[in-house]
C-alpha cells in the first residue's frame, strides 16, 4: 500500500521536474526581445482594439508608435489628445493634436419622407444589397438601412431606429474609431469635429441628382438651390454636383444656413431653441422629422438598442 | 449519347414559350437612351453634344481604350440631353438621350440586306471593321469582340466555336436568329475563319432546338470545315468553359482564357453582327430581344434598337400583366432584376422576362442541411456552401484559396439549394472583395 | 403601391425541391419498415414510435421556445425523422420513460446544443440510442421475439438478436455450424421475421425505402452501396478463411441494422460528407469499423458506433476530399 503511494508520488515529482526543465530550456531558446516601452505604451492605449488608428489592435499600434521615428501622423481616435499626450511623454516624440470628432449620419431619408419603391430580397447587409442595385428607394446616395454600421460598432454607440429605418449614433458613446465610416458602402457617415457642447451643423444629404429628381425621391433631400451658399458669411459652404457641403473648420455655427434651407436638409444638433421665431409656413411633416432626428441624436441612451 | 460537359449542371424548366414566334421589327422609338457603359471594360467617351443632329449609325461615343467599344446612334434625330439614367446595374449612369426625327426618312426605311457570300476584305480590314462597328459579345457578357479576336502570335487557335446553346430558360433570341439568318451566320463564321486562318468551326446547339440544328446543318453543307454539334440540354452549357469542354473535351486552365486551349468562342448573335458589320458596314445598333413571361399573351422576339426603353417593349406585347412582381433584364438564371421599365435596352439585353407574384418572391433562407446538392451541381467543381460561409464570416483569403474567383456565377447552387440559401449572393460579394483586395495589393 | 417590384440578385427561379420535401421523402421511405415492425411486434412498436416522435417534437419545441428563445422549427420534419429513426433503433419493449430520455438526449444534446439542424456533428438518433445502450444495457439488449401478427404487448417473451446468438455461441466455444441451427433462415432475416430493434429487422422493407430515396435523389448510392459491399467483402474473406469461426456475409448484411444504418443513418445529410469521394471513404470507414466491432469487439452489433465514429471524421473528410476543380490540372495529392 505504502509502496504504491510512494511510487505515484515519485512519478509525479519526476514528471514535474522534467516538465520544468523542458519549459526552462524552451523559454530561454525561444526568447524574443521586446522593447519594454511597447508594454508601457500599450498600457495607456484604450485597449479597445477597434482598429481606428489603422493598426490591427492596440498592441500593434503601440509597436508602431515605439518603432517609428516620426509619429506625428499617427493618432488614436478613441483615446484622443489625452492619450496621445501621455504617449508623447513616454516616448519623447512629437504627437499631433487633433480636434475630437464624432460620427454623424449624412442622411435623413426616413421611411416617411423617402418612400420605398421596390422591395429587396436577399442577404440583408448594405454591402451586398448595394451591389445589387441602388436601394429600395429612388435615392441611390442615401442610407440603405441594413445596418452594416451598427454591426461593426464595437462601442454600442449605434442602433437602428425602427421607425425611421436609419441608424442613430449615440454621440456620448461614439469614440470616433471610424469603423462605421469604413463599413458604409455609401459613405454616408462622416467624422466631424465635436465642437463645444457637441454643437454641429451639417448637410444631412448626399443626393447628387438635380433638384427635382432629388426632391421626388426624398422630401428632405438637398436640391442644390445654393441658398445656403449665398447666405453663409464665411464661405464655408461649397456646392458640388447639386449638393451643398459645409466645411466644419470654416463654419462658425451661425445657423443662418439652417433657416434658409427650403427642404430642411441642413441639420443642427444640440443648439438651444431660438427664442423668438416667426411662425413660418412650412411643411409640418418635414419639420417634425428634422427635429425628431436632432432630438434622437442627443438622447443619452436608447430604449433598447 | 449527346455531348455535354461532365461535371455538375442543372436542368431547370425550359419555358421556351416564344420559340415558334418569328422575330418582329419593333417600331422606331420616340426617344432612345443610350448608356455609355454597355460593355465590360472602360466606358466609351461621348463625342456628341446637346442639340447635335445625329444620323443612324453615326458614332456618338468612341471607344475609351483597348477593352472598350464604339457606340453608334441607333436612330436619326437630335441629342436632347446627356443625362444620368438608371440602367441595368440599378444605378444612374451617363446616357445619351436622342429624340427621333420623325421627318427623317432613314428612320423608317427598311434597310435591305440580301445575302452576300463573297468575302472581299482582307484580314486587317475585317478586324478593323469589327472594332469600328462596336461589336460586343451578345450572349450577355458584352465583352468587346475585337479584344477576343486580337490574337497574339504565341496563341495558336485551331478551332472556332459558335455558341448557339442558349441554355437560359425562357430566352429564344438566339434560337430564332439561327432559324431566320442561318445563311448569314454561316457567312459570318467564314469571315472569322478567313480573318483568323482557322480551319475548323463547330456550332454548338442544345438538342431542344432541333429545327435550328437542322437548318444550320443544311446551310453549312457547302463548307466542310463547319460542323454542327447537337448537345444535351443542360445549364450552364452556354458558359464558354463548359461549352469548350462539351464539344472539344479541352479544359481551359484555371484563370486562363479559351485561347489558351486554342479556341475562340463567339455567340451566334455576335457572328450575325460581324456579318453585317463586314459585309454591309452596319454597326451594332439593334439586336434580338425575347420579351416573355408566363402571363404574357403576345410574348415574342423582336429586333430592337439599342437604347429603346423597356416599357416600349412591354407595351408591344400587350402591357404589363397584372400581378407582375419582377422584371428581369436577361434570362432567369443570370439576368438582373430591374426597378422599373424605364431602363433602356443595351447591347447585352437578350431578353425581358416578367415574373408574376408567386414565382417572384424568394423563400426565406433556412439552415444548411449539408445535403451537398450545391457541390454536385457546381460546374466548376467548387463547394458553394463553404464559399458562402467564408464570405459571410469575412475570411477572404481562404475564400480566394478555395478558388472562389473561378466561379462563373451561373447560379446553379442557389437554384438547387433546398434550404433557399442565398449562396451566389454571398459568393459574388466575396469575389468583389477579393478583387478589391487584389487591386489594393498591386 | 401595395406590391412593389421585387429586386433580388440572380438566379430568379428556383428548383421545386425544398428541405421540407426532402425530409418528407425520407418519411415516406420509412413507411414500409414501420409497417413491418407493427406487423411483427404489434402495438408495442406503434407505441414506441409514437412516444419517440412526440417526445422529440415536444423537446425541440420546448428547448427552442423557452431555452434558446429562437425560432421554433418543428415543422421542418427533421425532429420527426429523428424520432422515427430513434424508435427504429430501440427494442420495442423498452420502458416509455427510457424512450423519452433517449429523445431528450437526441434532440437536446446531439442536435440543439450543437446549433440545431445542419450544425450537429453526430447523428442525433444514434446518439440517443447509444446513450441508452450504455446506460441501460440490460433493457437495451433484451428484444422481444417476433410474434406474428401479435397485437398485445410481448414483454415476457424476450430473445436474442441473430448477431447476439452468434457472439454468445462463439464465446462459449461453439462453432458456427452448431450455432446456425438456432439462427433464423436467411429468408426470414430478409423479410424480417426475427428479433431485433423495432425498425431494423426487415431488410426487404428497408431496401424498398432505400431505393425510393435513391430514385428521389435524396441520397446517392455512394454511401449505402459502398458500405454494404465493403462489409460483404470483409466478412466474406473472414468466412472463407474460417467458416466455423465467422458467420457468412449474408447474415452480417441482413442482420443487426446494417441495412437500416447504410440507407438511413449513415446517409443522414447533415452528418455525412458532401462530396462523392468523401462519401465513399466515409462508407468504407463505417464498414470496416462495424466488422471489426462485430467480429472482435465485445458488442455483437457495431453499426451505430461505427457511424458515430465516422461522423466525427466528416469535417476532416470534407477538408481533404474536395471535388476536382475545373481547370485545375494538378490533381489532389491524396486522390
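Per-chain numbering from 1; labels A, B and C assigned in written order.
The rule is short, and it goes like this: contacts are C-beta pairs under 8 Å (C-beta built on N, C-alpha and C of every residue); 3 or more make two chains touch, one makes a residue touch a chain.
This one's a predicted model, so the numbers in the text were calculated from it and none came from an experiment.
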{"item": "Most distant chain from chain A, judged by the mean position of its C-alpha atoms", "value": "C"}
{"item": "Pair of chains joined by more contacts [C-beta pairs], B-C or A-C", "value": "B-C"}
{"item": "Identifier of the chain whose CA centre is least distant from the whole-structure CA centre", "value": "B"}
{"item": "Inter-chain centre distance, chain A versus chain B - centres from mean C-alpha coordinates, in Å", "value": "42"}
{"item": "Chain A and chain C: spacing of chain centres that average the CA atoms, whole Å", "value": "53"}
{"item": "Euclidean distance of C-alpha centroids - chain B vs chain C, Å", "value": "49"}
{"item": "Two or more partner chains touched - positions in chain A", "value": "117-118, 121-122, 128, 131-133"}
{"item": "Residue list for chain B, restricted to those that touch at least two other chains", "value": "90, 337-340, 361-362, 422, 425, 428"}
{"item": "Where chain C touches two or more other chains at once, by residue number", "value": "5-9"}
{"item": "Chain A - residues contacting chain B, complex", "value": "117-118, 121-123, 127-128, 131-134, 140, 209"}
{"item": "Chain A contact footprint on chain B (complex, rising order)", "value": "84, 86, 89-92, 337-340, 361-362, 422, 425-426, 428-429, 432"}
{"item": "Complex contact set, residues of chain B against chain C", "value": "7, 10, 12-13, 90, 169, 241, 245, 251-256, 323-328, 330, 332-340, 353, 355, 357, 359-363, 366-373, 375-376, 378-383, 385, 403, 406, 409, 411, 414-416, 418-420, 422, 424-425, 428"}
{"item": "Residues of chain C that touch chain A when the two form their complex", "value": "1, 4-9"}
{"item": "Residues of chain C touching chain B in the complex", "value": "3, 5-15, 17-19, 21-22, 73, 76, 78, 116-119, 269-276, 322-329"}
